[in-house]
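Below are two complexes that have subunit A in common, paired first with subunit B and then with subunit C.
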Partner chain A sequence: MSPTALCAYAITTDHAPDLSGTPAVSFEVEPRLIAYLGVALVVAEVDVDRFAGLGIEPAEDGRLARLAREHDAVVRAVFRCAPVLPLRFGTVITDSDAALLLLRAHHEEARVWLDRVQGRREWGVRGRGSRIDDTTVPGEVDLANVSGTQYLALRRQQLTGVEDARRGRIAAIRTLHGELSRRAAESTSRDHPGDLLLDAAYLVDTTAEADFHAEVRRLSDELGPRGVSVEVTGPWPPYSFTQIEFAVAGVVANG
Partner chain B sequence: MDNRPSSLADTLERVLDKGVVIVGEIAINVVDIELLTLRVRLFISSAQTAREMGMDWWTNDPFFSPNKAIAVIGTNELERQNTELRDRVTALERALGEQSAQIAEGGRP
Partner chain C sequence: MAEPDTTSLADLLDRVVHRGAVVRGDVIITLAGVELIRLDLRLLLIGIGGALSDTVPTFEELPR
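Moving on, here comes the complex of A and B:
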């Protein structure tokens, strides 16, 4: 016996088409809408057990990978035709009464957020730097014909070269982030460990996308010679711009 | 320009880490998202993934992989000794061959 509950995927408007019977959409779950005063919750009945003991496996076809892709696919199916506020993966609520309780408590707030993401898509941009090699900065020198002082001067020149290259990159990445942010409705960037110089997301008006991408291309061409490669992902539903918490007080009365 | 399918790492990063969070008694905690996110991050940033992306320069850098470097030095040292010994054996064999030839010549009546 496995208990069932409602897995919730996204909040959308009540104009969103009903997903049941959409031919392009094939999931193990059957998502449907629970609507209330202009907003709707996208839910599907699931066995709670399907989320039990999820771990990270390296395989693309692992259970977590499959469920995460399914979550994203349901969100995207709605996102194709209506604004969405994606819910975090693994949001499971007790039943449709719980869904109504949530919508009743937060429908106004949800509408404000839906307006904010309406007609916009999220794009991810990453800047990755190759290693700046200090031996390659100045040309090869025959050390046999170099005095100690000359050697130290050369060494300093090399190190300054590396430092200059590093600073140049950081400045260029800042320019990239600044220019892209200017073309986006909202932007956010994360701390970047290691060789990641930029890990940012931009919420872009669909009407401004051509300009946005032209700018990405232009600036990544400039970054190329500095050893920085730029990669773009998307379009995404506005995951990075809906980091909100909806608290619902009250217990659902059920039998 | 970007119609390539999104990578699993990108999808996981977004669905696990971002989006609306619902808290309260209506929500059932079926997944320990924090733990899962942490594991995913560790996994993604693991050396294995990095290597797949071609960022494996440190594996041959003695500073980052001292054991490997020592192993390399060890192998080289063995090779050197091996070659040296082989050369000495060859030299000795040659000397011995010449000597026995001389003995054979000298000993002929």
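Moving on, here comes the complex of A and C:
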């Protein structure tokens, strides 16, 4: 038997439902709440070595995938009925004394953050561009019938066309991010390599979701002809909007 | 509402592993001063960077 510890999944309010009483939820772990002055930590007892030696394959049926999905499922079970601050995957604390130490130190801060995400859900939006092909901009020409000078002029025109298309895309993507941010309580976007033109997340009031998605559809239709496809993921618990660090000082007796 | 099982693994790991609130301090279980999971995930994410394409954080971005 390896020693046990508490895996912590999220912070929520102390009136979140008792998870053990949720019939639709079944996990390998048994999540429960440890409450303190209005907030609660969602925890489950786990073997300490549960997270050790995770395999290096991202396989759908791998151990990492299973554990990550379980983490998400526990967070979502709470998220369905109460505001949550998801904790990062693999937050393993020593015991319930440690949980109380954490809550005692940060309950006020946690409550402020919980108010901030209450009644809101996260949506991910990505814009992906197809390659702008300089031989198809601005159009097909029979090169056999053009002079050297004409060819160079044509080539310049093609390159300008590529540059225009690229600028048009960037402007359209900025409009998309701007319009969606206006409809969201908060937004965040990240640097994006390669063909990704936008990788953003929006924290949206549930009452504003219809408007938000109508705008996504409207602007996606405009981006389509520019060779940009828009993908939406969600709803997510507010993973991207809880970039908080809870530092806990004090030594916990490790029994 | 999208069910967790239909969510792409890359999107899921991106959020679950890379985002969310962090707890630091003596309450966290560590092995030789390094958090259990970070130790493995740092190695792990280097290994799967290619397979998960652009949504995986780089080594430098990972929490320590």
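By our rule, the second predicted complex is superposed on the first by the 249 of 255 C-alpha atoms of A that agree within 3 Å, B and C clash if a C-alpha of one lies under 4 Å from a C-alpha of the other, contacts with A are read in each partner's own complex, and residues count from 1 in each chain.
Convention: a residue touches a chain if its C-beta (ideal position, glycine included) is under 8 Å from a C-beta of that chain, and two chains touch if they have at least 3 such contacts.
Since we're looking at a predicted model, the values are computed, not measured.
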Touching partner for A:His213 - first (subunit B), second (subunit C), both, neither: first
Touched partner set for A:Asp14, first subunit B, second subunit C, both or neither: neither
Which of subunit B and subunit C A:Val248 touches, first, second, both or neither: both
Touching partner for A:Glu186 - first (subunit B), second (subunit C), both, neither: neither
Partner chain in contact with A:Ala5 - subunit B first, subunit C second, else both or neither: both
Partner chain(s) touched by A:Glu60 [first = subunit B, second = subunit C, both, neither]: both
Footprint overlap on subunit A, where subunit B in one structure and subunit C in the other make contact: 5, 8, 11, 48, 51-52, 54-56, 58, 60, 64-65, 68-69, 71-72, 85-94, 98, 101-102, 124, 193-194, 233-236, 239-240, 242-252
Interfacial residue positions of subunit B with respect to subunit A in the complex: 1-2, 6-8, 10-12, 14-28, 30-31, 33, 36, 39-40, 43, 45, 48, 50, 55, 57
Of subunit C, residues touching subunit A in the complex: 1-2, 4-5, 7-13, 15-29, 31, 35-38, 40-41, 43-44, 47-48, 51-52, 54-55, 63
Subunit C-facing residues of subunit A, complex: 5, 8, 11, 48, 51-58, 60, 64-65, 68-69, 71-73, 76, 85-94, 98-99, 101-102, 113, 124, 192-194, 196, 199, 233-236, 239-240, 242-252
Complex contact set, residues of subunit A against subunit B: 5, 8, 11, 48, 51-52, 54-56, 58, 60, 64-65, 68-69, 71-72, 85-94, 98, 101-102, 123-124, 131, 193-195, 213, 217, 232-236, 239-240, 242-252
